[in-house]
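Which chain is which? They are A, B and C, in the order written, and residues in each are numbered from 1.
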């Protein structure tokens, strides 16, 4: 797309790349080397940009004493579960909005999206008693359900805009062959929509993965705690702060997700705008 | 056939009655359990009671900063625990919850008065009701780190505000990269405590006995000017909250700060040297304007609240657990480990407490602690934010001390009128 | 699954007799099916979003503090308080600055990085994957890292600036209103760039290269191509990222809370912080709800028109 044959263009490209790259990767670099530093080196006023002694102490602690593996399991379970629930509902709703015409279709959709602007913290005031009544408080299932708040409307919208471009002829042809609408969706539309579906899965997964506000409130028991609150309570709380431990724990917690992202990247990058680009 | 069923039913019923009363579960909501240093401690308290009584104790742990929010949400849903640990200064807020039990009615006022000295019993009273019992008690006062003082060449613990300032200058000049006094400058709730103590030291009440604001009197402005002066001379620093102060203090980058007696434990933790480090932590009298003045300190403590009417009998499992926590064998060790006093008559009288040098020194340094005047207000949270914001504006140079004091006076008068 | 329909069957289903009749009958059935597909999502939405939202709306007309067991009707007094409170007005301004700046810079940097990663070079694919890392880190750690960088004592920025002699004493960036706002915006942009980059990379891949080649033959430079070909092509992507950015930034809470707690004084007290403080620090649910409702009332009209336009373009 860009023509880099001139020196000027090369320099401009190079400088921009370095600046943005530095912005994105320097904090990541800092996080990684900090996790390997000893405490003594970590809290020095003049920081070192390369560990003088490499120490695995923080990782050892995170893996053995910090309860990280349990929390990671909980987080993956809840985030994957909520991503699946969200995506499934969003597939049907998005398809409905895109391919069927009925009164109130647009207002309902607009309303769903607009409601995303209302402070999530306030919704908690009602969700909490509701969950208590249903026995969902302090359960992973409850947390999973609460994450519908974060991602369902946008997920629905993303899939709606993708399904809108699936040619009507494809559907009509299948219909003419007598296939039921549900069957058309499942066997004809979904197979060509893998990329946007993966995208929406990842999008809702990340909302749950990064949440602190809901998980800190809706989960009490230690054995159900997720990574974010876990790191906060174990390493960065009011009475104790262990920076190296926090860094090591977050690196370990990120590894499975990074690996999954690398694998799904192709779908993700294809899918992200498959819907948005007409 | 019917006969057999009938007799079977009778047998079953008899069996059901023969079984000893089912063990009760006491839900104990607290934050100490979520702290690395406190988990084992609380676990052993709970195990101890379970073993002695046959009842179970289930811990409900929330972080300190999250526990009030959750008490409130639980009150809305009738899922309050049986017993809850409450920071004494938040008790008036928690006491608003309907399910809070008046412990005079549970245990009898006389029993409690015989068990706990009146001054400590008062920690758990709101509007004439005994809504809580004191668990561990102490004051918020000043601590000094002996090793930092040595490094700076400060030989005597400062007595007056003037000497305090001189000591700070010595620390600044001799200990590189230090924050001589880690005054709270970031978080509203923390700023409040430092501000109260200095205001009292300079003779301003902040909120007087009649409930009026007293912050822009000459004394009030002088206190704020003193605090701002420390900032300007780099004797205190921006971006310090209590946890930062604890870390810097433990890492020997700060000589003085205000905290509860648990300061000792935090310093031990952050120094990386463990309990041995505690000898370096000196509880001291807050510097005063004149020699022989009364040093300012704030009452501090954790209290225990009981919820739910079902628990309101001395025989309930919750009552049993509460009394177990306050029994000498359990309480004295716990309080001393937390660096605080056991607030029962027999606990205070115990050999361990009397022979604990740190606690004795702490008690001597805090002769006349005052209650936090913001705590009993129904809109205490909002008022604490107002004070924090205006004081911070002065400390960061956004307003002059006089402007900040005037604005604070006006905002407090408005907020107190709403109270 | 074995019920196949024979297209050559003489006895065609009734609706086939007249095309019009078929359309009418099927349309109704289709519509019903379409609505049926909505049921799960709408139910979930109704329960976890709409109902709580309506209850908050209801509570905004009540005084409801921790001291009260039941909310007490106060009419519009909460709204009067909210709209006359300078502090609340201030938090609206902070919110506009934060959301505006964070959205604009996330899109600019995301687009810039996407253009760079769209250029073929060795290791590009790995770099794309690694670029998602900020997004994948637990958000609390992101706040912590940036807090560390700007910290007045152990901060990297200070260490570097002092090393080069730009400053004599460590500066407390987070204690100036501008510095604190810049810090929370930077931290949020760092978190958002990966997502936006992915959007733009995808958008760039569907570009018509021949058209660009043709423009090049006509002598168009990089700037011209960017302004007249790339940006118009990406317009729909940009419109979507604006919506996602606005929602994400408006709701953003964790890193601001951890970095500045809304301070110094009130400089970074954006809406989400203000609501949280009122609800969970001051125990004033009625007022918290009123702030939220005023906010939605403010944002809804522009959001509505924007979203409507977006939908019109999609269909």
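Operating definition for what follows: contacts are C-beta pairs under 8 Å (C-beta built on N, C-alpha and C of every residue); 3 or more make two chains touch, one makes a residue touch a chain.
If you're wondering where the values come from, they're calculated on a predicted model, not measured in any experiment.
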Most widely separated chain from chain A, with each centre as the mean of CA atoms: B
Chain pair with the greatest number of C-beta contact pairs: A-C
Chain A and chain B: spacing of chain centres that average the CA atoms, whole Å: 39
Rounded Å distance between chain A and chain C, as computed from the means of their C-alpha atoms: 13
Two or more partner chains touched - positions in chain C: 153, 280
Residues of chain B whose C-beta touches two or more other chains: 69, 177, 253
Where chain A touches two or more other chains, by residue: 43, 45, 125, 232
Chain B residues touching chain C - in the complex, by the definition given at the top: 68-69, 72, 75, 93, 96-98, 177, 179, 185-188, 234, 237-239, 248, 253, 378-379, 381-382, 385, 389, 392-393, 396, 398
Residue ranges of chain C in contact with chain A within the complex: 4-5, 7, 30-31, 33-35, 37-38, 40-42, 44-45, 47-53, 55-56, 59, 109, 112-113, 115-116, 118-119, 125, 128-142, 144-146, 148-149, 153-154, 156, 159, 163, 190, 193-195, 198-207, 209, 212, 216, 221-222, 225-226, 230, 236-237, 239-240, 243-244, 246-247, 250-251, 253-254, 271-272, 275-276, 279-280, 285, 288-289, 292, 295-296, 299-300, 303-304, 307-308, 311, 313-315
Residues of chain A that touch chain B when the two form their complex: 39-40, 43, 45, 125, 128-129, 132-133, 137, 216-217, 220, 222, 232-234, 237-241
Contacting residues of chain A [partner chain C, same complex]: 1-4, 9, 13, 16-17, 20-21, 23-25, 27-28, 30-31, 43-47, 85, 88-90, 92-93, 95-97, 99-102, 106, 108-110, 112-127, 130, 145-146, 148-149, 152-154, 156-158, 160-161, 164, 176-178, 181-182, 185, 206, 209-210, 212-213, 227-228, 231-232, 236, 243, 246-247, 250, 253-254, 257-258, 261-262, 265, 268-274, 276-278
Residue ranges of chain B in contact with chain A within the complex: 34-37, 60-66, 69-70, 73-74, 76-79, 177, 242-243, 246-247, 251, 253, 262, 266, 269, 272
